[in-house]
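Beneath this line is the structure, given in structure tokens, with notes to follow.
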Amino acid sequence: MSSSFGQLFVVTTFGESHGPAVGVVVDGMPPGIPVEVTEIQRELDRRRPGQSALTTQRQESDRVEILSGVFEGVSLGSPIAMLVRNADARPEDYEALKEVFRPGHADLSYFEKYGVRDHRGGGRASGRETAGRVAAGALAKAALTTAGVTVRGGTVQVGTVKAERRDWDEVEKNPVRCPDAQAAARMAEEIAAAREQKDSLGGVVEVVARGVPAGWGDPTMAKLDALLGAALLSIPATKGVEIGGGFAMCELHGSQTNDVFDGERFLSNFAGGIAGGISNGAEIVVKAAVRPATSIGKPQTAATRSGGTTIIAIQGRHDPCICPRVVPVAESMVAITLADVWLRQRAVRGREK
Amino acid sequence: MSSSFGQLFVVTTFGESHGPAVGVVVDGMPPGIPVEVTEIQRELDRRRPGQSALTTQRQESDRVEILSGVFEGVSLGSPIAMLVRNADARPEDYEALKEVFRPGHADLSYFEKYGVRDHRGGGRASGRETAGRVAAGALAKAALTTAGVTVRGGTVQVGTVKAERRDWDEVEKNPVRCPDAQAAARMAEEIAAAREQKDSLGGVVEVVARGVPAGWGDPTMAKLDALLGAALLSIPATKGVEIGGGFAMCELHGSQTNDVFDGERFLSNFAGGIAGGISNGAEIVVKAAVRPATSIGKPQTAATRSGGTTIIAIQGRHDPCICPRVVPVAESMVAITLADVWLRQRAVRGREK
Amino acid sequence: MSSSFGQLFVVTTFGESHGPAVGVVVDGMPPGIPVEVTEIQRELDRRRPGQSALTTQRQESDRVEILSGVFEGVSLGSPIAMLVRNADARPEDYEALKEVFRPGHADLSYFEKYGVRDHRGGGRASGRETAGRVAAGALAKAALTTAGVTVRGGTVQVGTVKAERRDWDEVEKNPVRCPDAQAAARMAEEIAAAREQKDSLGGVVEVVARGVPAGWGDPTMAKLDALLGAALLSIPATKGVEIGGGFAMCELHGSQTNDVFDGERFLSNFAGGIAGGISNGAEIVVKAAVRPATSIGKPQTAATRSGGTTIIAIQGRHDPCICPRVVPVAESMVAITLADVWLRQRAVRGREK
Amino acid sequence: MSSSFGQLFVVTTFGESHGPAVGVVVDGMPPGIPVEVTEIQRELDRRRPGQSALTTQRQESDRVEILSGVFEGVSLGSPIAMLVRNADARPEDYEALKEVFRPGHADLSYFEKYGVRDHRGGGRASGRETAGRVAAGALAKAALTTAGVTVRGGTVQVGTVKAERRDWDEVEKNPVRCPDAQAAARMAEEIAAAREQKDSLGGVVEVVARGVPAGWGDPTMAKLDALLGAALLSIPATKGVEIGGGFAMCELHGSQTNDVFDGERFLSNFAGGIAGGISNGAEIVVKAAVRPATSIGKPQTAATRSGGTTIIAIQGRHDPCICPRVVPVAESMVAITLADVWLRQRAVRGREK
């Protein structure tokens, strides 16, 4: 099931970046949940290319069509299939790359795996695949809302600039999707500078889930940490994950990082809301390390299919920093994961929690 | 399947820390692979308590028994069940904790999840569960050996002390399991100091896999990054994961982090051997952030089952730094993950790769 | 994963009978397999309504569109999504049934399960869902062809009329899809008579797979018998399955039913090509019992949503005997199952077999 | 996951017939359910060899040991591992068969699959593997009891003798486990006659589940019919399954087989309690065709590993008719399946049903 995520809330994406369409099937959406196509579209608009000066100029309206599973405005409990047609595909941009394995891209590994590939824009490895995830994430968010859970995210680091604040209402007010307006301005400058140099820049995206009750997740192999880690590391370009205190805890002592529960609330949240793989009632806090986009205009040495090398400068239309567009994807993957463990906990206990 | 990991090489652990036994069933071991119980025991000895002054003094000989799936020294292709009896369980150490939720532990979240718990030493949430993982990891390593893959790991950070070198042959020569002898000495001092203060210390464990050919892993939801991330984050006390360059890449540019393949080899390895979720032929390199052990002797405020709080100082026998014992567990989880994607790639291509 | 079938060759259908579309995602199609849309369409034409006087007169051209996973005529190894738009949906035919639970249908159980339903034509429970299975089955057949396996089926019983011969080339020459031309004529008469009476008739569909080598399938829970049984019993209206000798063996002795292998071939095939859950190299032979279609024009007592009963005579356009249309569906489910175990066996042995 | 059954109530068996032990891990047992080892033992005693003159004289006390997941008499929600040691294994009985593929057995297919095998008594393919299923079934029954569901079964046909009555309280009173005392006596005679001839005899086992509410099961691929069919066909020697009316319905009309619900109850049960794959509130009724045992004393032609043939007369101790011992296994597989769909329905609706 290489293209599916989840056990009870199962998300399966399909589609190549330059094929007819990308899309998703969500199997396991509970019945009776209000589903608004406008809400799904709103989330897709946060992910789509061309939305600001900081993102790729590829123009895709990314209109979503619901094909099944919704009747008279509510979910039926059956699979919900959603489709986004590819419109502004310019395969000719990629013709020159047919025989070339772009550095940092999956071109080589993909070819070695399958022995055949759609060389046009990364095909299945393209970030475009995440459109289906975001559509599914909108459903997951709708489902979680009925359980009192909200999921929000933002860019908290770009290059060396870090957000100092977490004002989640600020996120949609700046093109970086940073929860700190001041940091956002500096991040935007860094991104513009990278673009100017035909280069790209990495960053960190953080996602927070509020309202998750204690008891979601499992104690061993399917720890909530592990599921969220997989969810985030399945997003193109992510190369690291932190739950709560993350790597910073390695330099601390247990007396500092053991979150004390005073009978009402936790006095700290180094655990990121997850103890022993199970939610503990505190906010779920996760971070993803987003590497610099691999498509850059700067000349680079690239291997060729015939075994030699060549110098390429990737043309096409690309993102100098993909964090702003990763935000809705990361939120979606967290929401999908939480929807799944929510349903699993209903199975364990036989009632809402 | 909360207690299983993998799709084709499926590892299912069972057992509470103070119940009759812990163990594992490995379903999907390819047939015809030599299986030596002494080799499995050797790996378990690396994980068992009481092996050095730096680890818990709980004494468990951790003798493994193979119950099935091996005949005349080779795997049959059927499930291999392995059992380790619990010997030195002292439940009376935990009687005082029956009504208390230890800070940092899963006591609270576990109780909220199930409504019932084995309060003796964490039960299922105990690190003792990882004995089964290590036994399974020994099988995974044996299987991978036939594919030319080796998996090794070590402690590369304890507190603020970092390993500067990666001399993997050094690992078993020091009690910290650090691939840098000089750093190991300083790490051991730090750990001893933490123990002196009845406190604990975090660290970082790194695992490297050599010999993985290009083509293992999947491009979207089951990216090798995601599977390895889940594998590591399913280990008790891990709260972060990095693949290759990890979080450090966030501060860099694409022109720096795109690994150039010169036709023969990669000139850098920011991708950690995985491009687009698929192995690219370079070394697989992953790191896990290990938080300070939550069991400490220092007095702490703890919530009680009746809703109040109390002050506890955890007695029992505990590890001041669990990194040395996490090393074989992390290696095992990486080996299990690679065995799984290896088999999946055989299914995709219909031949060894 | 209630809407998916398979572990490595994973088929997920979606769509309600009177929603925008039905379709399927096939994840796990091996790369490099030639895929012809005309071949998929040919299989769908065998299943579609309105193809003969013996089937429903609902007119659906059932044109398939491939959305992903195929490039330049071959499979990429990525998910293949396929779509069939619903055209001749006449929901008004069903308005009268909004408050009624039709006898034999899933109306009641479906409503009890989800608390909400699309009452138009059975929604998800409609036989229309099988269009996706047939499209997926065409891919499975294409994949199996490369392994030397062919799958064929036919109607071998309608009411009390049984086929005496198995001339598979005859199947597409008569509207009953019976491999015995003489029996086919009598079956057609029986079906016409049932329709005349506004009633329906049951039957048996048999599927045979040739070329399956010894070694496919698993010995315990995932016996090939079990997988094929599930495959067939997941088809609407099937209520029984036989592998090889089936129920008739219950009256025989072991000395009669033990298939003797003379070193070259089996002298009988009571096992239906499967011994201990694993293919033994003989033909795979399975049968499905197809109950009489539940939609009949005859007046029947039906429960209503308000708790009472009413008399209904189902209008709309229905099949008096669905066996002819079940044939391609049963073939598809068998092919999908075999494609899955084929890939699994490649994983077990690391080579084609 | 070739050795596992279920999605949320997951049963994984292990063990060869002549290895150290057979056993099972049940992952997903809901927490807080009373678990009595005596009750599990009672079920195992119904399955064990040597219990009556009609069964094999191999003597196995089959004492079960619970290794995990139960604390103070109730389930913890964690995996429950159970072990049965093999005692009366006489591998020397099988030495002669090392180079022979017994007719009807899985010897050949197993060897072709794995390239290696434990030739002693079928190894993994032995009926002995079902001990783990029965232990798991006892847990499933205990869980279902809390949901008001009971599962009972019996032998309803041996050779040509059919039970006319379904007096389930009669089952344990006769060695055939037939719910019809008079038929039981004739069945016993038939079995004795078959044994006299060093031959074996087939039969039919029926299982009935009472108290299953409407709404369990899924509408398409995971129809309850399909899951139960797989459950029964995964039992060694079963070669057919019927749900409700089964194959007899093929000869009937829809007006006869559509079960009418009069607002309170169904007036017939051709559906076997399952409509559209979902339970409808009526009794679940399933049947399994059990082929004659393949181990017979009569001389038979058998293929040899070297490619020739030989004449063998299987010595050892075998069952002339395995139906009496299949009864608890079939009940167990039905109970396991129902426990699984019960938990899934709790996930769908978020409450007990």
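Note that the chains take the letters A, B, C and D in the order they are written out, and that residue 1 is the start of every chain.
Keep this in mind: a residue touches a chain if its C-beta (ideal position, glycine included) is under 8 Å from a C-beta of that chain, and two chains touch if they have at least 3 such contacts.
Just so it is clear, the model here is predicted, and its values are computed rather than measured.
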| item | value |
| --- | --- |
| Greatest separation from chain C - chain, by CA centre | B |
| Pair exhibiting more inter-chain C-beta contacts, C-D or B-D | C-D |
| Separation of mean Cα positions, chain C and chain B [Å, integer] | 45 |
| Rounded Å distance, chain C centre to chain D centre (Cα mean) | 26 |
| Whole-Å gap separating chain B and chain D, where each centre is the average of the chain's CA atoms | 38 |
| Chain C: positions in contact with at least two other chains | 1-4, 7, 12-13, 31, 77-78, 113-115, 124, 219, 344, 348-349 |
| Complex contacts: residues of chain B adjacent to chain D | 1-4, 7, 10, 12-16, 19-23, 25, 27-28, 31-32, 65-69, 71, 74, 76-81, 83, 113-118, 123-124 |
| Partner chain B, residues of chain C touching it in the complex | 7-8, 30-31, 77-78, 219, 343-344, 346-352 |
| Partner chain B, residues of chain A touching it in the complex | 1-5, 7, 11-13, 101, 103-106, 108-110, 112-115, 122, 124-125, 129, 157-160, 194, 197, 199-204, 213-223, 225-234, 236, 238-247, 249-263, 270-272, 274-281, 289-296, 298, 300-304, 307-309, 344-345, 348-349, 353 |
